[in-house]
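Just below sit the structures, each encoded as structure tokens.
In the two complexes that follow, subunit A is the common piece, with subunit B as its partner first and subunit C second.
Now for the complex of A and B:
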């Protein structure tokens, strides 16, 4: 006996898997918390559109894939193209990529490779720029090339203190700009560059305004909601993203006036750092916020690192602007790929102070070597500063939920105890 | 006429198959295992023989299999359910399909068996997490949703939304997840298809461990659930073979074994 139903194609199966993962997280955001923001509906709908209904967002536009947030989006927007950040959080793509990468590699990179291996896109990038940041992304770019995608390497230095690095990176960015400009058949001009810097700068300023509300004693927005908002910047139309965030800001202002607090009275305030939570891999943030704690700030590339530092231009001439843009992506970056990274420690400590946090949770993907390695210096620094910190390793599989929850809960309870003892 | 009996004493049900000398299935019976395996098995066997008008002396050879096989002392021989399942599946699909992999979902466990070209068992794997993704799991789900187990199929195909995945592998935790989903007014249809896909993903992982090849045979009670069949087919990416009576494959395999045992003895 055979059933008469048709069988899904591999792409249909992958789409269903993605939809199931996406809906699972979106439902958790909508349903698990006491006061979800109404203006988040824009983002729920956006994610459903892209990951459940698989509808394209950028028809008629040139999509530029970037392997890492280090590719200056200001230049992409200036040339009238759309950046699509290819960092991927789907377990189903991670599983596909696992067959193509070494066993112990980073799930995020495996997921990106798996995504390209299946060549199943709703907004397919016409060209991919791959900055030589971490080893795995650098080599993953080569794998994508083998699949027949157009991939251009953009040389990125691994030290940031020296003048040589700065000069090298500025040169790389110029090459990138020339290459993309040829690809697009469009010229980079003083005016389109200036407009683009200002536009991205405005988006960043919106992020900073969102963060200001998280410094309050009563916090009107959840950390997981923030991740969903900042993550949308990876692929959304920048103008609609900005107007959606403006609406969120209005609602937050209202909440501030009526003293809404999204967490409990005793909920510890957490700074989240480490490997980036990329939708729908919000496993750890959700565990934290479901365990009566609140993420008030983060130090990760899918959120804070992408928005924190502004381009500072001296002279609004084309070459000066390009150099200033380059500097933002190198000098301000706190990525652990750099040899020395005291900036990252300083930033974490500052976030803890500015946001009155009670502790830090440091999450590294198993296989994300640089974050795993930098754990030592960060933990030592936090100890010196007297800041409690929990280090956890996890991956994209849904299976370790129980053990991870217990560890996080125990840490949060210890933070609560500390608070009570102080009083 | 000579007859051969295969009796499979499982955690949830006792399955009995009777085969003739040509290894054709002439009758079968399924009854609940209950608390007294041995007594119920004896009763079920004598009832079945009566229905088929077979005298007990016409039964030449009896093979027992399943968890409770050692409790059935009248058996001439007993074999593991892995071997019995492999033999039964190939006999049931004979002339229709070439079976290379078997998925069996029972009351409290699930198995994946891979066969070589001659039909020998080369590898098998069993679930290692209690009742996760088994027949019992489906019972619990149906009970929570206040529908019958036999209704799961129609709910599955009526689902229009995204299947709602269940992340717990434990039947007890899954229960609270399902109650949570119901509390948030999600449709029963999407929950049912989500449960099916969650089980299907897990079972496909299990069969991948034994090296799945196209030519998959699916048996055990849950194979009656077309929704689960559809989910497994989608996860695998191809059609699978479902026998006419999915619950009795293993007991049928034991009956075929009984026949083979008799034939080889009478030859020698």
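Now for the complex of A and C:
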């Protein structure tokens, strides 16, 4: 007997571990729920292709890495490049990054840093734009630079009320556009910018149409499915993403006609807020939806915050288009990095009312200081509004499952009781 | 789903820019040329229907009438002239209450001319200019100063106030002298006779020269700054005093507002409150022209609305926003 023995390289090992994480979540989505959407197959295939088989999606295109939602994808598409959002949800990468970042850092940032440290990409970004949002993201950009990646800081203000902030951010976006235009050797024109604004706008309008179904009494789509769809926008080819969502909309319409409800009759409706669930870190959303509750809306930057606010142009000339795009990423943004954040609170309350939610679940990644700090004001505001809220801290580790499940289940039980009492 | 053909939905989905463009043309025609078909809406109109466009005008501007009314001695003002003044003012208020500031955004011929100049600038791809917020706040008071002067000067012609001798009669229509409407509106009927400097007296030289300068500023200013003249308009100041009970209103539901600022960017008058104020209901502020561009630019369902006597006539909807921005379809190449 003779067997060929090869030693797995670190990158192969990393890929294998990431594939295991990915498959685990995809299987849970496919098999744990009573009525999975057929048209979700596109997304399962997409994630398998990228994270299990590690096949590139954008061969021949320039990939532009973005560290946060604030880098305008409209400008990247207009310059014929592809935005790749680098926010990472893999525990495998988080572990690699842990050696390079302080112990109490945000797992999302650690995972991004770990990913770059291993330099193991299927669609490697040629250049990375890093908006100066939270401290950790800002400083992580510098670490990536030390690894030899091309990283450009894009100055982002941390207040949004003032005139100076608006002007500063508009200038930052202009610099970004000029810089990228040079990098790409392509001119930003009125027509390519207009087309790209309308294209991204159409993608956003599809998101809003998906959300309309979640407002219904009988909800035909799961929260985790929504997260998978919106998350794909981080890296997918925009045209295929849009046609896949169009198909989902058709299936939802069909389901609406036959009154399909993906949860139980008494399942509490939840608004999720806080640190973004990014594939495959769907730990909390999965616990919620496996505990007989349904996420009907969210306020997080991997979903709602990415799609909710659309660019509004008054004069379709380049000057106004760039300003409108800039304003969208600053003024409407509910990111907790801002000093005051009444807008985030008002958004959560609005979502609870519009989607007839029974409660809010607020997750903060351990180490995500801004979300941790904003917990106080959000909890106080929810109390004022009479909206039940559960605050949980977690990270990317597969441990804690039991403890988290207990807390979420208890909260959902109390919501059910509350619902019964109201009747 | 909502009824596809409901009137409400059609209205909310309308292309406001186009609707307003045509509405303004019709209003402009009635105000500037209405006289030729015998239209006379009286002399208490809360908009610049210019008395100097004597044959064409379809009515007369109340600011002109107001200056005339006040040119009486205190004795007569305390008597019948006072009654006449109050009745005129009442008539003005009644006219004004119908459309509120909508007179500015939809009817005023000077406003319409400025919007045409804005369109011209947009075609030439020159960016509009803006005031800094600090200056924007400061210039707010200018219109009230102008209003105060136009009320005071006619009184001071007829009377000696605080021992100051009576002012020369050349100041009897002080605002008309410097109003760009006096030159611009008759020009549209081919009458360029108002472009002159009157050398008959020192006062006339000064006033008509200021008038010529104002018209120049009006043309240049509104080319580079949207609705440049409206920031300084004493008619707007006078109107705002009566704005609260008006029938047409701009309402905001602050709970639905994301403060994204789309409305502020659309606003020709750079009114910050429209985006940032999430507590007031009535958003007809002193500089508002009720053009309703903010409602059309708002992507939130039911956040902003035009309301007539308690009934919503046009409100912001996501669907309408998406249609107006042409984001309802994935078209690779949009026609321009």
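Here is the rule we go by: the second predicted complex is superposed on the first by the 419 of 423 C-alpha atoms of A that agree within 3 Å, B and C clash if a C-alpha of one lies under 4 Å from a C-alpha of the other, contacts with A are read in each partner's own complex, and residues count from 1 in each chain.
The rule is short, and it goes like this: contacts are C-beta pairs under 8 Å (C-beta built on N, C-alpha and C of every residue); 3 or more make two chains touch, one makes a residue touch a chain.
If you're wondering where the values come from, they're calculated on a predicted model, not measured in any experiment.
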item: Which superposed partner A:27 touches (first subunit B, second subunit C, both, neither); value: first
item: First (subunit B), second (subunit C), both or neither touched by A:264; value: neither
item: First, second, both or neither for A:102, with subunit B first and subunit C second; value: neither
item: Partner contacting more residues of subunit A (subunit B vs subunit C); value: C
item: Contacts of A:208 with subunit B and subunit C, given as first, second, both or neither; value: second
item: Partner chain in contact with A:399 - subunit B first, subunit C second, else both or neither; value: first
item: List of subunit A residues in touch with subunit C within their complex; value: 161, 163, 190-191, 194-195, 198-199, 201-202, 204-205, 208, 239, 242, 308-315, 317-320, 323-324, 327-328, 331-332, 343, 346-347, 349-350, 353
item: Subunit A residues touching subunit B - in the complex, by the definition given at the top; value: 1-3, 5, 7-10, 12-13, 16, 19-24, 27, 31, 52, 398-399, 401
item: Subunit C - residues contacting subunit A, complex; value: 122, 125, 127-128, 132-133, 255-262, 265-266, 275-276, 278, 293, 297, 299, 318, 321-322, 325-334, 336
item: Touch list for subunit B against partner subunit A, complex; value: 157, 161-165, 167-169, 184, 186, 194, 197, 226, 229-230, 233-235, 237-239, 241-244
